[in-house]
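Right, one structure below, let's go through it.
When the chains are written out, they are named A, B, C and D in that same order, and each has its own residue count from 1.
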Amino acid sequence: MKRIAVLTSGGDAPGMNAAVRAVVRKGIYEGMEVYGINYGFAGLVAGDIRKLSISDVGDMIQRGGTFLYSARYPEFATEEGQLKGIEQLKKFGIEGLVVIGGDGSYHGAMALTKHGYPAIGLPGTIDNDIPGTDFCIGFDTATNTVLESIDRIRDTATSHVRTFIIEVMGRDAGDIALWAGVAGGAEQIIIPEKDFDMAEVAKTIQKGRDRGKKHSLIVVAEGVMGGNEFADELAKHGDYHARVTVLGHVQRGGAPSARDRVLASTFGAHAVDLLKSGKGGLCVGIRDNKLVENDIIDVLENGKHKADLSLYQLNQEISY
Amino acid sequence: MKRIAVLTSGGDAPGMNAAVRAVVRKGIYEGMEVYGINYGFAGLVAGDIRKLSISDVGDMIQRGGTFLYSARYPEFATEEGQLKGIEQLKKFGIEGLVVIGGDGSYHGAMALTKHGYPAIGLPGTIDNDIPGTDFCIGFDTATNTVLESIDRIRDTATSHVRTFIIEVMGRDAGDIALWAGVAGGAEQIIIPEKDFDMAEVAKTIQKGRDRGKKHSLIVVAEGVMGGNEFADELAKHGDYHARVTVLGHVQRGGAPSARDRVLASTFGAHAVDLLKSGKGGLCVGIRDNKLVENDIIDVLENGKHKADLSLYQLNQEISY
Amino acid sequence: MKRIAVLTSGGDAPGMNAAVRAVVRKGIYEGMEVYGINYGFAGLVAGDIRKLSISDVGDMIQRGGTFLYSARYPEFATEEGQLKGIEQLKKFGIEGLVVIGGDGSYHGAMALTKHGYPAIGLPGTIDNDIPGTDFCIGFDTATNTVLESIDRIRDTATSHVRTFIIEVMGRDAGDIALWAGVAGGAEQIIIPEKDFDMAEVAKTIQKGRDRGKKHSLIVVAEGVMGGNEFADELAKHGDYHARVTVLGHVQRGGAPSARDRVLASTFGAHAVDLLKSGKGGLCVGIRDNKLVENDIIDVLENGKHKADLSLYQLNQEISY
Amino acid sequence: MKRIAVLTSGGDAPGMNAAVRAVVRKGIYEGMEVYGINYGFAGLVAGDIRKLSISDVGDMIQRGGTFLYSARYPEFATEEGQLKGIEQLKKFGIEGLVVIGGDGSYHGAMALTKHGYPAIGLPGTIDNDIPGTDFCIGFDTATNTVLESIDRIRDTATSHVRTFIIEVMGRDAGDIALWAGVAGGAEQIIIPEKDFDMAEVAKTIQKGRDRGKKHSLIVVAEGVMGGNEFADELAKHGDYHARVTVLGHVQRGGAPSARDRVLASTFGAHAVDLLKSGKGGLCVGIRDNKLVENDIIDVLENGKHKADLSLYQLNQEISY
């Protein structure tokens, strides 16, 4: 291949720019031309496409968000949209595409694959819920952002001897809650993967108080329930006056961590290697600390992300 | 005076520990003994009081929250509570008290003053709404914390071409919203001190979009209305799909900024100077970049904090 | 005036971009055209000048460094260079200039003033050593950056019970050392404005150790001597095994603090106001927490920056 | 075992406190008593040992350094020292020991093992150079700290169009340089594991400049040569006016990252599991993203840490 393109899609994640930069630089290093597509699949269909140079991605590795912009575009689920996208790519003479994003992005890449167009998916989502990889671009940064907030809230919780409920992102996956909860020393971590009993939660808070504990921190993944709802439910079991913080969109932004930048750079360069050798229909990941690629159709149809539940057990044994 | 005490009261603010440290170190430097009172006025009345040494405040200058803990204690509004507090102080042989906190703390200090007991108030609240000083301990740190969040949200706002509403603290005072809004380049700042017209807000967002602006950031002080309510109201004027972030308690915590630590240290040492020279019934502040002390009764009865509204005007001229 | 320009010169300082942004946005708000000059006075003489739009300064307020670049250019000290610069400005129809930078930049602005060309100086230097203002753009951020480093070093110093010497910027002015030293709880602050006696320094360290202190932190302004030289001198007075950290250029960079962004925005907008009303030959500052402008010739010929030495005294009384 | 102890030794690393906390909490959870030993092996021999409770490690997970202090103690290399240490442990009725630190700490643990005393080593060093594990406690945090500094320096480098040399830690291992270099977009990474040719370095800088590049960043591991020496050598190949920053001890401190806290917590709890089941003579690690334990004698005698040199190659292909 001599000409490839890259787009970002779905919710933005820190490190997406580092991944785009790697695709562009590695592509040019390999003698290719690299095009950037704005606004994800919407821009693909609309033909919002331009050639990127080395300097277009200069000073980008450290920036949060995505300079290629992102957009939801449900229309790409239709065959019409997909064929229009391929048409645009062909018009620009682009022979392969790198798609960076989450679940929806992978489905777009899979659709192109099924139409015979070479596409490579890179996992970029703070939720860390993409199958085929242990870690997604953006997860490490988001976890550290949440952790900073927990550290801040602990100052106040300790000063006032209070219970705090911190709602974090994670619709289907408890990864952010698990990692930030263990790292933040949260007494309780509530995730979609594990049932919980509110009476038990209340009992544990009470036990801590009886022992002289200065604060209780409860991290709740949004997929279980909202932080305010959680507080209301908890209040039915006792007078805990829990304060609630809903971290929201701050979790998405910020300069990416070292790990996310290295991961994004590795993934981006590998995507180019795959396209260069004519391969498509794959998604890149890291498994057992090794760079891997998987069949994207297989991953989407049979794969399932599993959070590391040993952390859940660990937390119960060290943060009580 | 040979023996003084210090307490923190009300909402915690970053820099309170630096102020306590300064009171302790400066007191000991001046040949005094310094006692710490836990849990604010509640601990005062309960006699939760202990002598502090130089090393008790070692490695404290950088910590958020307050290691003396804080608590609401409405009972201190009664004469009975106040006299009980003075009795405890006398039992320990304590001749003067430094109170660090916000409005409620000042009222406590004023009550002691009215009973003839020497008390000095230090302004510690992220809201920056204490009269008699241009800046309160904690305001600079909180503003920077909010600013970091705005910077993060801007990444996502730009990536998705969206409107974001960011609710920040400030019941009666717009200081955090004003400073963080100007510093964050927010297009709109909504504060208690200024009326606003939602139709105008909507029009300005629209104008920005028409011009190709990638995002709109609106900072709303909680005293005006909640972020979610604001979004609902805005939606009546057009299809802006505004996302909302309620920053909440993260604004209170964190390691204090250089400015807050210097301010807290200066205030704490000055409080000791005042008590040493037998003065009470005062509150310390910074006015026009100079250390000042004011009569605490006068400040509470006649003073009124004024936010710097020139920043409001400035923002309209540079962040449109 | 209908057309003005802006340049940054000398060492870069965090907040310079915020100041340029304010000049551009406020200028356009006032109906002017605003030009940006690359590489300071070098670019001025070379005619490296372009018109800036609102969006050219979008997403700039949070960036460190200066997107207009900076450069040393001693040739601007010659009349020939100055006249060439004015010629370039006239060629572009530019009627007034805003110069952001330190001492050298002010001299350039003064030279233009003496030739009858309207120029306004804005103080931008982390050293905080410009006369006519209490605070310069970049100082607050640099102080916080140094403080973060001190906080990190304290972790190690405490863990190993060691003496650390931290060399910070400040050739002629001890401001960074003073503020970061007080805020960091440094036992000793060595600045150009104050003589010191190495035997006394050693004695104080020893006294702290005898008392059980876990660490000694000494902040040294580079204008006094290098950190390594200081350690060598200290070693002549006893076996202190002091570790040295030379913070160097990290002090210049990073996202500007809230205060620096607000200061830069205020200064930038005010410069436009002054040019708009036909005034030149001035420099903007903040004195006693109020926005001021001073005659630039007077400031450079008679002004002298004074560090706040009350902080020096304070530190001796609370960080021993 | 019913009674175990924990110590930290060698250079401090962020996350050591999180590891100690996990040992204490998990130990108590398992029904054991846990003792803390101050000042590493020096404190062990001196009997500076105390029982730790749950609350002794409260609010510790987020702190840099080690609250158990650390110290170099070459005397522990002697049999006399080792036997004295075991004697102290027995005096307190302590049946097993967890040692957190680097190479020297492992040798201490191995010596105890050879004397038949159960000891478990946990890898804690920012250098990441311990065999038997892919990652050591502290490495992730240190890399992020270096990265923040690189991001700051890039601001200045870009503003002034300059070459910067950044000396980072790493005597024998290039891990910090590699990770921070890739993540920071450094054009050149100089590590002990790879020869380099200064003429080539100079040529690459020149090529970048010819292409219009605004800065060159060179990350040098201290094990290769000092930053200043590197600049001197580079100057022999051309007029590059490279600025040098020696990051030094700031790399050791700071609140640990999420990953380091999770790693430290996992390692600490696992060490207790091993001691509980009567195992000693092991060191814990993470290999291929899985928790492992290795024979400590085998690791020290036959193991060798290998930096991930694929990152070196990657960097040449994307950061030119």
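One rule holds for everything that comes next: a residue touches a chain if its C-beta (ideal position, glycine included) is under 8 Å from a C-beta of that chain, and two chains touch if they have at least 3 such contacts.
A quick map from chain label to UniProt name: A, B, C, D = ATP-dependent 6-phosphofructokinase.
Everything numeric here is computed off the predicted structure, so don't read it as measured data.
Engineer: More than half overlap in residue numbers between the two sides of the chain A-chain D interface, or less? Answer same or different.
Structural biologist: On the two sides of the chain D and chain A interface, the residue numbers are mostly the same, over half being shared.
Engineer: Thinking of B-C, which of C-D, A-B or A-D forms a repeat of its interface, with over half the contact pairs identical?
Structural biologist: Looking at which residue pairs coincide with B-C, the repeat is A-D.
Engineer: For chain C versus chain D, what separation do you get between their C-alpha means, in angstrom?
Structural biologist: Whole-Å distance between the two chain centres: 35.
Engineer: Express in whole angstrom the distance between the two chain centres, defined as the mean CA positions of chain A and chain D.
Structural biologist: Chain centres of chain A and chain D, defined by C-alpha means, are spaced 28 Å apart.
Engineer: Nearest whole angstrom, what separates the Cα centre of chain B from the Cα centre of chain D?
Structural biologist: So the centre of chain B lies 39 Å away from the centre of chain D.
Engineer: Residues of chain D touching 2+ other chains?
Structural biologist: Only 151, 154, 158, 214 qualify.
Engineer: What are all the touching pairs of chains?
Structural biologist: By the stated definition, chains touch in these pairs: A-B, A-D, B-C, C-D.
Engineer: Per the contact definition, I'd like the list of chain C residues that touch chain D in the complex.
Structural biologist: Listed in rising order, the residues are 8, 11-12, 14, 63-66, 69-71, 145, 149, 151-156, 158-161, 164, 214, 243-250, 252-254.
Engineer: Considering only the defined contacts, which chain A positions touch chain D in the complex?
Structural biologist: Touch list, chain A to chain D: 18, 21-22, 25-26, 29, 54-55, 58-59, 61-62, 134, 140, 143-144, 146-147, 151, 154, 158, 179-180, 182-185, 211-214, 255-259, 261-262, 265-266, 268-269, 287-290, 310-311, 314, 317-320.
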